[in-house]
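Next up: the structures, one after another.
In the two assemblies presented below, chain A is common to both, partnered first by chain B and then by chain C.
Let's turn to the complex of A and B:
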């Protein structure tokens, strides 16, 4: 067998969920470790090898100059870079506060000075080129597992290209938008989550970002308006996870 | 001279410490939270209450349900909505799942490598594979409960003001009752293993917790008088950190498993109570390092309590009815025990049900001052005695005992 691929996991500013979700592969993590050797994974390990990585995963948004330095290092040292999770691909929730950084600091810390060098939160893809973007807040861990296995075997990972509604219908869930008048972004959101929130009988909140290509947000907007949701509600709902589109 | 230590590892989020040396002595230690600010309170201002718990859950993945439950409770209290016991028991069950998941991650995958001298659990698995597998199995069980109540392992949206999107079925509750009993043996073994750690760090003089075991109407401290947070906790900003620091009567205090056991031991389940008595002498010294042992005892509590709740709900039958929620102008505070301690969500709402004010105080922010005094004590004992590598390792162990959640701690707000 050939040598194992060197894997780096780098966390920028986020909730920790995307790194944690790697650990939630449980026993299958050991399958991944048949092909990969972990060089850097600060949540799980005290090792820092800081050298070359065959594959790197970056989670989170760039929210400080430190994040930007870590991201550039990861990019420069890695052959294949994966932007993992909606923070890294679309900016997610912290990327959606539309206010200049100094005003935000003033509102939260009572002072607009910036000794810790905070920046406006932006996704990884706004700063560097990536080889693969896997969105989701959090991403579907099956998708990451498959992607890591594919990359190890030299196969280009398959990316979902259909809305959440497809998986909702395959599961035969009742349409919560039409039947229950709940705000559901399923028709315009990238699938791949197996419509997990509709399983709870609730509407999709759009955590995987907008479906690229043939989506029809205008129609979604009209439906939500007809259900009694106001402009402000709809606009904020649309932008919650994906103010930055890749 | 300032010695800047490398970033902490095997903790959740990005943080580091710097040690201030003057005249050859350790003068001060500063805990720097370098995770970027995330402005969660700004994100929810003006937003309709219905979407708020789902957004607040994103503050932290390890304790997302604690955030959504605290958010839901704060919103319900602002509207004057009261929910029946079925709903509070199910929320408590979700919090128990989260506690199991979080404590298992912390003890087996992050702390155990310190016990056996490995850089991480993956490398530890070569010699102690069984232990790693036990930890993973417990964590997976906790996550199954989180998925059942919360809707997903991470960031599910099933917990809503007034109830749930989906209620568990009889079969699902039976599985929880059965499995929680089966895991008890592992948890008791964990208590024996983690009883060997410590003491290190500082002794805590004050402890804070919610009045019920995993959530509350108010907070309590040593005197057991209940109070709202603003009556006894003051917050201050720090120039060197994105976290704010909290003090109790001007002094550092501790929140987390150790505080819960010491303040609310009488609420524990039988086997957990017995283990608390067995280790009470050690735990009552107040050394923060015994928080690891306290977490292991809470694994036993969580499994026993999960079984109790499942049984109660099965005996009564699930009605699955939500309470209607009428938005109105109001103010409410949700108090929850996240796995790593007290979590506070405070809201004011307007008559349309939109958020007008929000203040979120997280356990690691509450513990921030206590972490610093513990680091100071350790650094003073170690400086000049060991090399820098050893010092970082030992200081990391001290920080790790708090089970800090740095992602959570970075967005405290006062408008």
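Let's turn to the complex of A and C:
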């Protein structure tokens, strides 16, 4: 086999969990390292090669000018770019705050000065083209593992195209929306998480973002209304991780 | 053990075509077959689900035979059990409320025991080997059985008008009722996942370590946008309306020789988050023609 693929992991503004979660592949990380060598991974290595990457992973939102520079460098130096985690794919919590940055600074700090050169938080996918987007807060490690292995072997990774409900039923979990009237966003949220929250008896909070295509939030809204949840609660629930804008 | 259950979430199909099913194992650069044969007893299967399996038999045991399904089907012993319909059941309208075959033994509850019908050679063998468990059926038993069945027949709350259903659907393709329901349908696929006659599956390869993989199939749903997508980018059912309508045509219109691909088990209604009712949709579609 040819030499190993060069892997870069870049972090923008986020909680750090997405990069850490790569290390949490534990022994399976060694399977990945059969095919990859790390060129840049702030959390795992002091290497900072600043060269060409076969595959790069970017986590976090673009929230500062520094983030934007890092992202552009990563994109320009990489053949294959993966936006990893809901911050990178949908903007997550910081991206869902609907206010211009100057107003946010004023609301929090009392004045509009911007020493950190903060920008309106936007997902990676709104700034550059990506080859693969894996959402989730946190994302499913298995999905990243399969994607990295596929890419190493020249296979285009399979993108889930189904809502959380599908995996919920495959696992035979009790439907918390129908049977317990919990506010579950499973029917309108992209699957791939293996319905992990429903396994614990919790409703889906929509962390993987809206199901692409003809998703039906209006019907989900009506269902939650009929179960007694108020408008404000439902709208905030919908917008926790994604803005639901086209 | 709850022998008076209404319905399980997934039908007994799951024992023959598993929700996630390993087909092949890639090991040392070779694919190994994943068919396993282990004997299995399914106890307490309702009549509608036995009919569901008979419909799947036509699909999976017809040429080309599905080896995974066949191996499990042949090693299974099926014991049916009588049941009481609840608010979702409409099997009587489809004639699936009573099974004449498709089981090894079928138990009907009597006030003082069970009336047992034998449905296969395997069933006969089991009864012969355990003769001490069985008594001859008396006139009184038959009387009780009849009364019970008559009472049950009257207790169905939902009825599907089966009369000319396929012809009706032939005329109703453009009915506005499809749009009305497609607007509230979440396209979440729950109805497909729980259906005893849905047979579509998706096949994916998964790495289990750096050099080994499994080829796995899982239930697929015709509500997914990619279900009707073919090479070249054409999609036979690009909109939710197309996909919503398609399910009804699959259940009640396509291939009339195969009978109806619906056994009236009521699962799709019970597990629909939007509360869409199969019978009501078809009744409204019929009504929209008049």
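Going forward, the second predicted complex is superposed on the first by the 242 of 246 C-alpha atoms of A that agree within 3 Å, B and C clash if a C-alpha of one lies under 4 Å from a C-alpha of the other, contacts with A are read in each partner's own complex, and residues count from 1 in each chain.
Note that in this section a contact is a pair of C-beta atoms (placed from the backbone, for glycine too) under 8 Å apart; a residue touches a chain by one contact, two chains touch by 3 or more.
Bear in mind the structure is a predicted one, so any value in this text is a computation, not a measurement.
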Three-chain arrangement built on chain A, chain B and chain C clash or fit: fit
Contacts of A:94 with chain B and chain C, given as first, second, both or neither: first
Residue contacts with chain A in the superposition, chain B compared against chain C: B
Three-chain overlay, vertex chain A: chain B-chain C angle, C-alpha, nearest 10 degrees: 120
Chain B versus chain C as contact partner of A:128, first or second or both or neither: neither
Partner chain in contact with A:236 - chain B first, chain C second, else both or neither: first
Which of chain B and chain C A:14 touches, first, second, both or neither: first
First (chain B), second (chain C), both or neither touched by A:23: first
Distance in angstrom between the closest Cα atoms of chain C and chain B, superposition on A: 18
Contact residues of chain A, present in both the chain B and the chain C interface: none
Chain A contact footprint on chain C (complex, rising order): 9-10, 14, 19-20, 183-190, 193-194, 204-207, 209-210, 218-219, 221, 224-226, 239-240, 270-271, 273-275
In the complex with chain C, residue positions of chain A that touch it: 28, 30-31, 34-35, 145-146, 149-150, 155, 158, 161-163, 165-166, 169-172, 174-175, 177-178, 186-188, 212-216, 218-220, 222-223
Chain A-facing residues of chain B, complex: 6-7, 9-14, 34-43, 46-48, 50-51, 54-55, 58-62, 64, 105, 109-110, 113, 119-123, 133, 136, 139-140, 143, 151-158, 160, 164-166, 237, 239-242, 244, 393, 396, 405, 407, 411-415
Residues of chain A touching chain B in the complex: 11-18, 20-21, 23-24, 26-27, 33, 38, 41-48, 61, 63-64, 66-67, 92-94, 96-97, 99, 104-105, 107-111, 113, 115-116, 118-119, 121, 137-138, 183, 196-197, 199-202, 205, 207, 232-233, 236-237, 240
